[in-house]
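All chains are identified by letter, namely A, B, C, D, E and F, in their written order; residue positions are counted from 1 within each chain.
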Amino acid sequence: MAGTLDDFQKFRAEMNEEIHATDHLGMKRFFALDHQCYQDGALPGKTKELLGLAASAVLRCDDCITYHLVQCSEAGWTREEVIDALNVSLIVGGSIVIPHLRRAFARMREIPALREKSAPKAGDHQKARAPKSTAKRS
Amino acid sequence: MAGTLDDFQKFRAEMNEEIHATDHLGMKRFFALDHQCYQDGALPGKTKELLGLAASAVLRCDDCITYHLVQCSEAGWTREEVIDALNVSLIVGGSIVIPHLRRAFARMREIPALREKSAPKAGDHQKARAPKSTAKRS
Amino acid sequence: MAGTLDDFQKFRAEMNEEIHATDHLGMKRFFALDHQCYQDGALPGKTKELLGLAASAVLRCDDCITYHLVQCSEAGWTREEVIDALNVSLIVGGSIVIPHLRRAFARMREIPALREKSAPKAGDHQKARAPKSTAKRS
Amino acid sequence: MAGTLDDFQKFRAEMNEEIHATDHLGMKRFFALDHQCYQDGALPGKTKELLGLAASAVLRCDDCITYHLVQCSEAGWTREEVIDALNVSLIVGGSIVIPHLRRAFARMREIPALREKSAPKAGDHQKARAPKSTAKRS
Amino acid sequence: MAGTLDDFQKFRAEMNEEIHATDHLGMKRFFALDHQCYQDGALPGKTKELLGLAASAVLRCDDCITYHLVQCSEAGWTREEVIDALNVSLIVGGSIVIPHLRRAFARMREIPALREKSAPKAGDHQKARAPKSTAKRS
Amino acid sequence: MAGTLDDFQKFRAEMNEEIHATDHLGMKRFFALDHQCYQDGALPGKTKELLGLAASAVLRCDDCITYHLVQCSEAGWTREEVIDALNVSLIVGGSIVIPHLRRAFARMREIPALREKSAPKAGDHQKARAPKSTAKRS
């Protein structure tokens, strides 16, 4: 993983602030539109967060996946439901999605509501368990 | 549009049959897995059809959009809900999605449950209304 | 080619009108933002039309290429300049761009300011010259 | 399908000729480089044609797939080998590849060496067999 | 960010040298063609650098964006013009472009001519300002 | 590079194990299918590993490229053959592939059978040679 969830969120907040500070009206409006897109509408915002996650996964954008995992967690989706959504992205997008799936699972360790019950805590991330001798594909 | 919904479904059924007839075990298994992916699981199949639609739209695959529009309709999603899902794909994927959005709207004319109340029927597709003089962007 | 430029523009105008008629605020705002994007700003609109063309070509969207070819022509770009811009897209995007390049050249036959001086008129499109015996690659 | 293999080849030859006639040195050199890429080198040209097919399929470019199917056939690859290569693209690229897979199978009907022994000839393309009642997924 | 601009340029120079040392004629020619593509032609090289930036941004390639930011700066484009070009890529490519936009803005801090007047210098990159409590979207 | 080959393999093995532990039947089956895809069939597994590499390179997935480089090495492909395959991906995918090509060359330093005879060993990776004054493009 490229950094902790906290690193991601600090960098995201800092840079979004810098982008807004440029006063490019088009960019500011797009950011606002992007925010509104996930509000309740004909579909509840909760459902649209899951759509955002599935779309991010097939487009293979790690930062977008991280962002939507946090949003999905806050919207009340469970680990099992998130995994089932990621499976749709895996089938639609193919094995090229697998590296992003691995990083999504690693990221979920840092999101309490999406963490596996018996999973290692985020702090344990460094000491990776020894890889099995029978390496699994991809 | 490249053809009617009926043309699409005939070609799809005919070619899927030919692909299955080749007896390539890998392909057959992938087609089965693709089918199972949208069955009820941690998420209801209905939700996953909508995920499939959103993923297809950001990946800009007209045939996949057509297929999932039909599935979404059969799963009980309404026109307004489908449009709200397509809006997520538009914001995630940008203006490059717009041509596919136009074709999705044209396709919905052929799917009774997704048709606009006052919309022209599929049969009226040929006689397009004259374009407005103030052409709208993209 | 999937149809004439006139077919494209009629379908585009008709469907854009239908999309606007749905009153989905997010979609309407995105269409407005897309329009504003190409207005004069820090860069002249003319330059941004060319950026839109180059972006459309590497993303391999025929309808977007058609749209931006028309816009580039109206903004005053010449055939030679448009071809030089398309070459950037070809080098950035690789041989997978070539089929779209062919369709872009065919579309330019229908746009007076972008037409080759000695090129066949749009109406001559049907009677394709016999292919050379030494087929050129891709 | 968007047209016959003959239509494709005529359009391709005609437009490639027009592109060459523009005398844009960069484009001409890229076309030459693209041609040389599939000549014998550290790998035989035959192997590289198959790589070109697999790459075209995951990038979902129908014209490129058609082109490489013809080249693979001329290089001596059999129908079974081509299908096994397309399966790699299906697994790598996911279900979004399926519509292109269907069109690849339809195109193989027009290429004698890749045609299924008992397959309908190209001329029979119009009269599609009635779709099975149990429609197969995607 | 994955490293400093200096890290990027050292790695790029070192690996380009190694690629050239392999004496694969096709690769060497493609690298030459890529270089020539941005020389003055029907369009000035300066304009084509901006096209390269816009194309890189919609294709979501951080290294390509970094490279073209440097080239655009050297060609004389200002920060405001580069931001306006990036806005075209944002609208064409959608919210999936946003993470790359953030990294583009961070990279501009390391390029004197593209740095915000009151922006933190590259050396201050580590001590990120505390994220605002009202996190902005994406 | 984002880390050593050993880092990659440990992370991959650890996360694949965690994904399998979730007992999502669809994901488990897809991983199995992905594994079977590269077994001997109508084409030898060795050939399909090269197809997997070419497909990964045009889809610009560094982890997938790393994985397939290792597999290609184990299947018996030489450095020269792998480079010739990567050239197909470069021509098909364009200059946007170049950053991934650079990382592929850096990765090959860590794979004995794919290492350049006179290449620096993996351990020397840190002390990059000073970049040439005449920076090569992209």
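Throughout what follows, a residue touches a chain if its C-beta (ideal position, glycine included) is under 8 Å from a C-beta of that chain, and two chains touch if they have at least 3 such contacts.
Everything numeric in this text was worked out from a predicted model, so none of it was measured.
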item: Interface residue overlap between copies chain A and chain F, same or different (over half shared); value: different
item: Chain A-chain B separation of Cα centroids, rounded to whole Å; value: 25
item: Whole-Å gap between the CA centroids of chain A and chain C; value: 35
item: Junction residues of chain E - those touching two or more other chains; value: 2, 24, 26, 30, 33-34, 37-38, 41, 55-56, 58-59, 64, 83-84, 87, 90-93, 95-96
item: Chain-level touch network, classified as line, ring, star, complete or other; value: complete
item: Parts of chain F lying in touch with chain C, wherever the complex brings them together; value: 58, 90-97
item: Chain F to chain D touching residues, read off their complex; value: 33-34, 37-38, 41-43, 47-48, 50-52, 54-59, 64, 78, 80-81, 83-85, 87-89, 91-93
item: Chain E residues touching chain A - in the complex, by the definition given at the top; value: 1-2, 60, 83-84, 87, 90-91, 95-96, 98-99, 101-103, 105-106, 116, 119, 128-132, 135-138
item: Residue numbers on chain B that touch chain F, as the complex places them; value: 24-26, 29-30, 33, 36-37, 41
item: Sites on chain E touched by chain F in the complex; value: 2, 9-22, 24, 26-27, 30-31, 34-35, 38, 55-56, 59, 61-64, 67
